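The data blocks that follow each hold one structure.
You will see chain A twice below: alongside chain B first, and alongside chain C after that.
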Partner chain A sequence: MATVAVPPNKASSRRKGPWRHPWGLEAFTWIYLIWSIVPIGIAVLFSFNRGKSQSAFQGLSLRWYTGTSQAFGSVMHDPILHSAVVQTLKLGFFVTLITIPLGVGFAIGIDRWRGRTSNGLNLVMIFSFVVPELLLAVALMFVFLQLLKFVHLGTDAETAALIVWNISWPAIIVRARLVTIGKVYEEAAADLGASRFSAMWRVLLPLLIPAIFASAVLTFASVVDDFVLVEQLSGPGSQTMSVLIYSQAHGGNNGPALNALATLMLVFSLVVAGLGYVAYRFMTRGERGSTTEALTSIAGI
Partner chain B sequence: MPAAPVAPTATLRSRPDGVAPETSRAPGQAPRKPPLRERMRARSAQDRIESWRPRWFWAALAIPGAFWLIVFFVLPFYVVISVAAGILDPIFQSPVPVWNPFLWSASNFANLLREVSFLWPPFLRTIAYTAIASALSLAIAYPVAYFVTRYAGKRKTLYLVLLISPFWVSYMMRMLAWIDLLQVSGYVNKTLEWLHLMSAKNPESWLGGHPATVIFGLIYGYIPYLIIVLYAGLDRIDGRLLEASRDLGLGRWRTFWRVTVPLSRQTVLAGMFITVLPMVGDYFTNQLLSATRSTTMIGNVIEGQLDVANLQGDGAAASVVLLVLLLLPMIYYVRSTTKASRENL
Partner chain C sequence: MPAGRSRATTTSSTSAGGHVEIVELTKSFGETLAVDGISISIEAGEFFSLLGPSGCGKTTTLRMVAGFEEPTSGAILLDGKDVARLAPNKRNVNTVFQSYALFPFLNVADNVAFGLKYQSLGRSEVSQRVGEALDLVQLAGYERRRPGQLSGGQQQRVALARALVLKPAVLLLDEPLGALDAKLRRALQVELKALQERVGVTFLYVTHDQEEALTMSDRLAVMSTGHIAQLGTPREVYEEPADAYVADFLGVSNLMEATVIRSGTDSSPCQLQIGEFHLEAECGVLSATGAVKLAIRPERVQLKPYDEPGQNRVPGMVERVVFLGSASQVIVRLAPGETLQSLVHNDGELVAFQQGSAVNVLLPPDALRVLPGGGASVAEIREETYGDQPDLAAVASPGAP
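Entry: the complex of A and B
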């Protein structure tokens, strides 16, 4: 080190310290975070607005959640808003319930069944992850109108579409976990006399539970948030919260009931994410890992 | 992810082995620990058992999901091509799909060419908006992701929670938030008035068809996904490489340009696909924040055509064209991700 001659003009930068904290970068990060989060906070605040405005705050009230006024619907008493909440939760629940077994089976099967067919199916699955949602929605709409006419536009079509759109969550996440687990545990089980089925059921599946759980959380959140497929394939009375907000939000003259609806959506997502995080930490408690690891798994990184 | 423990026999398993005797255990007799050599043989016997067990076992697990993907993902694209290459019912003016590829007609595609003066501006606009929005997104997202991976230190969890939080807020709510703020009497205009950047008599109508508002909405909508992808990629870069670069005398900037940036090229590309593909197919951001003819994008055109029965064929043709245009970037993305996952194996 001593033999390296340091030019005098480098001295000043050395005095600052080569590992000094980049304050400019930190400030930039905070500006971004404020920009990304504060507007949502303001929208939540407007849902508690006493007045009818979505642009000026006039005091706190719960009228947009529980109010019984006929003229201005509240989420609890307006039939349209109310049914949108129910429809969203219904879709979220059923789609997650069907998607997870399909996706987990697909992931395990594709991972072990090596061959041309499985490679091809895997490509199809990854394509379903990247294709723009509108193109899938258009294609599915024509399928249900022209070919599979027994699937009616509405809840049936929405469910089928959301399953295919979200199957890549469990498939990708569980497959990644399978790769890190490797085959050793299963082989150990087989050495100890387990059949292939019981090795999978009693060894592999418990090891996969955190990944399955994380993908279930993601699937549910993504169904609750989904808009394009649901809007293109909706029938009478099958509007979800997203579609309702979309159809009424432009111009911003529909009162804070929409904000209340959006806030409820936010609460659902946050509850699911929070539960998911706690449960994921609990399930992986014996493993090396950290808070950040649990967080990134729940976000699908 | 915790690293999977490596089996000590892993390297030996691939070696072709001789005839291995089946290890049988007499009931009731405590199993004597066989010598290592014998255990190796037993393992290879186990492998042979695995190979004759029914192969369809794994296939059977994948079949339900595969069936769903084929019926509701592969088939739909065949149907949309059949509709696009189909004809119009002469009486009802509704599209009639042609299932036989040998009878496909180009009439709907010819319609698109005829309407080219109507389709060209939205098409160019889509390219321009997407390019500007994704470039700006990258310019914002990269420094943020870089800071959080390299310098967040003990507060990494806090930053990560804050970065991921928009991911959990529905897209519609995030747009609604900006609709509230950008109204003529909203807080954005109030702030601008307060700063004397805009006169109170002549307020700006941000939601009345500004291209800038649409681009802003696209950035706000898709940047969380980009940041998460960038964070995951930058986090994978080995910090020792950066330390080595610093030890060898490169300054902070040159380390960044000559080590971090080249190592993150794949990540940036993946992140760009993740933002560009949905932006190209986006119609709702535009509809919510502008809803005027002067800012329509290709997604709005397709979505509008689907609502009118006799334009559905044109809509199908337009979406097939868009799909073909996007096929190349999609294939590139799929190839790079499958390559990455194969390297992980």
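Entry: the complex of A and C
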């Protein structure tokens, strides 16, 4: 048997022409990542500072999270910081709870019951991507102050505004899933004897669960992050973490306690997004191409 | 009477009825007429196929019988009762979808039991019926699997079980074998036909595969651009195609343009001219006049030595010899310019005709069929269809893959 001498495969760095490694691109990517992540890392690091300085690191400690000193408030024991955390979580929870059913209904309505109105409503769906947030905030403030006076500035107004702002998440993500799964499952259900409502309950909803979950995650993360609407519509005692960080960083000086607060915000967002990704993967297991779909759904593309 | 129908009446598991009468059924999507006033009568227990290229309206017809599309006009009588405007869940028909549409979040048993929830049955009866249905499609033991863990052929069987467990009067099948590979498809054709004979349910089967339709059906309708080109038993449709379209679609690819010199009668053959050559034909529409199409099946075309004269012969030249295993396909260009295929049986000897050799092509009168009107060929109709309306079935159900 004749053997043909095959030249050994050289290491990738030795490849020539279009197959050579794109060193320039890789370097640029790393520089960009470091440039954007390092400041966040430093801010997080200083939340664990033993001292009060935000520029000189004096050893590790959890005092800004759990410390009980009266002079230097920690997130857990300073009433203002503590209430900001609670307020943020409260808004996140209630806004998500109300937004998701509304948005899912919105998406199903637009996609499944086609009519003249649904085309117009399609535009409304991308409303929050088009309108500047500050404009919406100011407009809503006037609405709540002049017209709908029963909506008081503070938690009520914040909740209402955040629902309007975030309803696009479930509407767009759930609708994307509706388009992907098509009508054939509903037709199959109807064919097997299901009424329209029963087909929705027994077939459509289970198929939509991953998308509903993904949009809940994004809505929650987006509420935790929100500053413009909440700042504009906040009332006494309804400051969220973002508003507090903004005002304290400018005026007073709470030291690394603010870093601790910001770190918590970051952790909430990351944990929720991570949970969302894992759960989405779990719920769509066995479906083809679910990895990419999970990533894009969670990223909200 | 086809065997399927006679056996149906003796099977105990058969639900009563299953007679479908489609009357002047029409469906238009905007400007496009997808189904153009078709009428079909399907007997209870019959295996009936709608055959045609994509865009011919066969899937739209099936979807109207299922209740997914509302007819523009016409009636669908199921055992005498017009169901054309009833919701799908109010009709005693069930569908096997091309993509199977098994619910991915339910296991096999729950998929099959899905429709039984709407019939007030006890839990033990539900599980008994599910077991029977899975036995019927030879999937016992797969109850706890998810659809994603099954092969295409197995998913297909689950879809069948899910529909048959409800004991429908009519089972609608929308290209159910379309997604499977050729070998599995052939095996399932036989199995599906046997299953239909066993349960005795009326099958309305949609396909674009002529082999599938011919093998399984008791009767079939060949459809073209929204109307029925021919309706009959597989043998009738294959051996006596009504026009050039049907002949072409069923794989009788030898079609020639010819001119009638003298029309024939029942007792005298039709005299035709093809180029400068004179032919006699004894089949088809012998009373036709003017320009017609002549059809002959490849296995009936005989090749004779060039210097052997005789009746009904046209000289030609061998263009290509293709070895097919059990036979050789010889492609001959006739002197008037037409190309013919001839199927020469492989009986151990070499085909005597080489590429480029001159031959005399014998077209026996009893194999030559006169088809009226030089009708458009399938290729031409397909082109028209794809031109302005890619696929009506796809338009009707944008989600279907």
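Keep this in mind: the second predicted complex is superposed on the first by the 279 of 301 C-alpha atoms of A that agree within 3 Å, B and C clash if a C-alpha of one lies under 4 Å from a C-alpha of the other, contacts with A are read in each partner's own complex, and residues count from 1 in each chain.
Assume contacts are C-beta pairs under 8 Å (C-beta built on N, C-alpha and C of every residue); 3 or more make two chains touch, one makes a residue touch a chain.
Given the structure is predicted, the values throughout are model-derived calculations rather than measurements.
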Report task. Could you say whether A:F282 touches chain B, chain C, both of them, or neither, answering first, second, both or neither? Result -> neither
Requested in this report: Once the structures are superposed on A, label A:I181 by its partner contacts, choosing first (chain B), second (chain C), both or neither.
Outcome: both
Query raised in the report: Looking at the overlay, what does A:A189 touch: chain B (first), chain C (second), both, or neither?
Result: second
Requested in this report: Pick one for A:F93: touches chain B only (first), chain C only (second), both, or neither.
Outcome: neither
Query raised in the report: Once the shared chain is lined up, is A:W201 touching chain B (first), chain C (second), both, or neither of them?
Result: neither
Report task. Counting touched residues of chain A, say whether chain B or chain C comes out ahead. Result -> B
Query raised in the report: Intersection of chain A residues contacting chain B with those contacting chain C?
Result: 179, 181-182, 184, 187, 190-191, 196, 287
**Report entry** For the chain A and chain C complex, residues of the former touching the latter
**Finding:** 179, 181-185, 187-196, 198, 202-203, 206-207, 286-287
Report summary line: In the complex, chain A touches chain B at residues 4, 13, 18, 21-22, 25-26, 28-29, 32-33, 36-37, 39-40, 42-43, 46, 53-56, 101-103, 105-106, 108-110, 112-113, 117-118, 121-128, 130-136, 138-143, 146-148, 160-161, 163-164, 167, 171, 175-177, 179-182, 184, 187, 190-191, 196-197, 221, 224-225, 227-228, 231-232, 241-242, 245-246, 249-252, 258-259, 262-263, 265-266, 269-270, 273, 287-289, 291-293, 295-296, 299-301
Report summary line: chain A partner, complex, touching residues on chain B are 1-7, 10, 42-43, 46, 49-50, 53, 55, 57-66, 68-77, 79-80, 82-83, 97, 140, 143-144, 146-148, 151, 156-157, 159-181, 183, 185-187, 207, 220, 223-224, 228-229, 231-232, 246, 249, 251-252, 273, 277-278, 280-284, 287-288, 291, 299, 302-303, 306, 312, 315-316, 319, 322-323, 326, 330, 333-334, 337-338, 341, 344-345
Report task. Would you tell me which residues of chain C are touching chain A in their complex? Result -> 66-68, 87-89, 93-95, 97, 99, 101, 103-105, 114-115, 117-119, 146, 148-149, 162-163, 166, 397-401
